[in-house]
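Below you'll find a set of structures to go through.
You will see chain A twice below: alongside chain B first, and alongside chain C after that.
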Partner chain A sequence: MNEMKQMPYRVPDGFIEMSKIRNRAAVRRAATGRERLGKAVRWAVPAFATLAVAICAVIYFEPEHDRDMKRLMAQMETASDDVIYEMSLEVVDYAEDLSQL
Partner chain B sequence: MFVVAMTVIAAFAFQSAFAQAPAKTDAEKAAAKAKQEQIMQTRLQLLKDELKLDDAQFANFEPVYRDYRRALQKVVDNKAARVKKDELTNENALEVVLARLSNTIRTSTVKQTFLLKFSKVIEPVQIEKLYRVDDRIAKEARKIVQYRADAK
Partner chain C sequence: MNEKLREADVAEMLLNGEDTARAFDAIIELYSERLYWHIRRIVVLHEDAEDILQDTFVTAYLKADGFRGGKEGSLTGWLYKIATNLGIRALRRRKRGIFSPIDSLCGRLAADFEGEISPTADEIAVKLQRAVVGLPMKQKLVFNLRYYDELPFEEISKITGQSLSSAKTNYHYAVQKIKKEVSQIEL
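Our next item is the complex of A and B:
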């Protein structure tokens, strides 16, 4: 105690108390920040996981007719010239959108 | 003797000048037929999904569609219309254009004829979709033809 009273500089009055108050406020702010970060992480992780599952589901459950069309295109690409040419002659061009008529 | 030899040589030359393209072997014909059936099966599956047909409707639809495809194959002229752009001349251009126009007219006629037959097995809206899907397949075939021609 005598050593403290003999410090080379003068500690302002109330300095220790004010420091304690400020420290407690800083600890509270840090805790709030950690809480906010924790909440954000708790929300974001399931959200991204759901999004990833949804994307995988869309890719896996591709519409049947799209898969059939891809399979048909693959078969046509290996068909002979005669077969393909015959198929190409069936095109009848008409307006797909009736509002164009 | 000289005359006989010359006649024989001339006969061979004549035959080779007018020789037909080598006929397809039975194996090649069988392979082509198998390929066409494979494509037909995929087309049918595609149409079943696109038109949302149940098994009973599909059982009625399939034979009509197969008749439709056979009718189309009979009317499309593969040879006369199949002339490349750089092979067109003043002598054959009109014939080629006429063949292509005839293909379009005959194809449209077959499609018109089958409207009534299809209407007995599927709904009118489904017939419109059927023709649209078939048209899309034909356009893809056209792209493949063009791609192969450009690749040569």
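Our next item is the complex of A and C:
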């Protein structure tokens, strides 16, 4: 800056040099914070993957009779009486007992 | 080593992503004074400028991956853009209504300036800065970047988000207004 471009503001003595020190420290803190975040993400990804696999396993290994019951209930919604009877025979072990109802 | 070469070296270090921490040591050394004054001319108050300067370096560090260099802009332009945005954001927080324009702060900035004048300041520099502080923000930014920071209009256009012709027009209007108030200064 030339003489004309000098700024007429008050500035504490030695401010620029002090601010360089403070700002380098602030950038180092930001770097450390980002590194910690990076580590957290590196831990979080496998943890999340493990959790997702566990949830999938629970869904997949859902007790078989629960799934049959749900399927049957869904079909019952719209089925006629004859069809209901036929479907019942497929999933109930003692069909002859059911026919007496 | 002159400043332009050093800027190019630092930009290269950032683009290579080899040693970002070392690059930022150099950036802080090279740009602290320039950016401080750029921010100070926007927000006027020293404490605000000090905080925003630090935010500028930290933000730049955290967004270093976003620096592309080359045709997308120089390192100087990239840093000035971050500093300008943070300065404007700080001013937005100062104004009263959400919908009131940022130029509604002109009076307050002018009052702040009167309290920030150095007792040893040159009288003409005070008159000039008093006129600059009173400019609308778009004109003020362009004027400061051109007159004080001596940046090319292409760079100013990228920093302020104005078209090249708007930047030149705003500079022209700014100079006219300042000349009215400070007729003895050759701009």
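Keep this in mind: the second predicted complex is superposed on the first by the 51 of 101 C-alpha atoms of A that agree within 3 Å, B and C clash if a C-alpha of one lies under 4 Å from a C-alpha of the other, contacts with A are read in each partner's own complex, and residues count from 1 in each chain.
Definition applied: a residue touches a chain if its C-beta (ideal position, glycine included) is under 8 Å from a C-beta of that chain, and two chains touch if they have at least 3 such contacts.
Just so it is clear, the structure is predicted and the values come from calculations on it, not from any experiment.
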Which of chain B and chain C A:L51 touches, first, second, both or neither: neither
Which superposed partner A:N23 touches (first chain B, second chain C, both, neither): second
Which superposed partner A:P12 touches (first chain B, second chain C, both, neither): second
First, second, both or neither for A:R71, with chain B first and chain C second: first
In the complex with chain C, residue positions of chain A that touch it: 1, 3-12, 15-16, 19-20, 22-24, 26-28, 30-31, 34
Complex contacts: residues of chain B adjacent to chain A: 32, 35-36, 38-39, 42-43, 45-46, 49-50, 72-73, 76-78, 81-82, 103-104, 107-108, 111, 131-132, 134-135, 137-142, 144-145, 148
Residues of chain A that touch chain B when the two form their complex: 63-65, 68-69, 71-73, 75-92, 96
Chain C to chain A touching residues, read off their complex: 20-21, 24-25, 28-29, 32-33, 36-37, 40-41, 44, 46, 50, 53-54, 57-58, 61-62, 116-119, 121-122, 124-126, 128-129, 147-148, 185
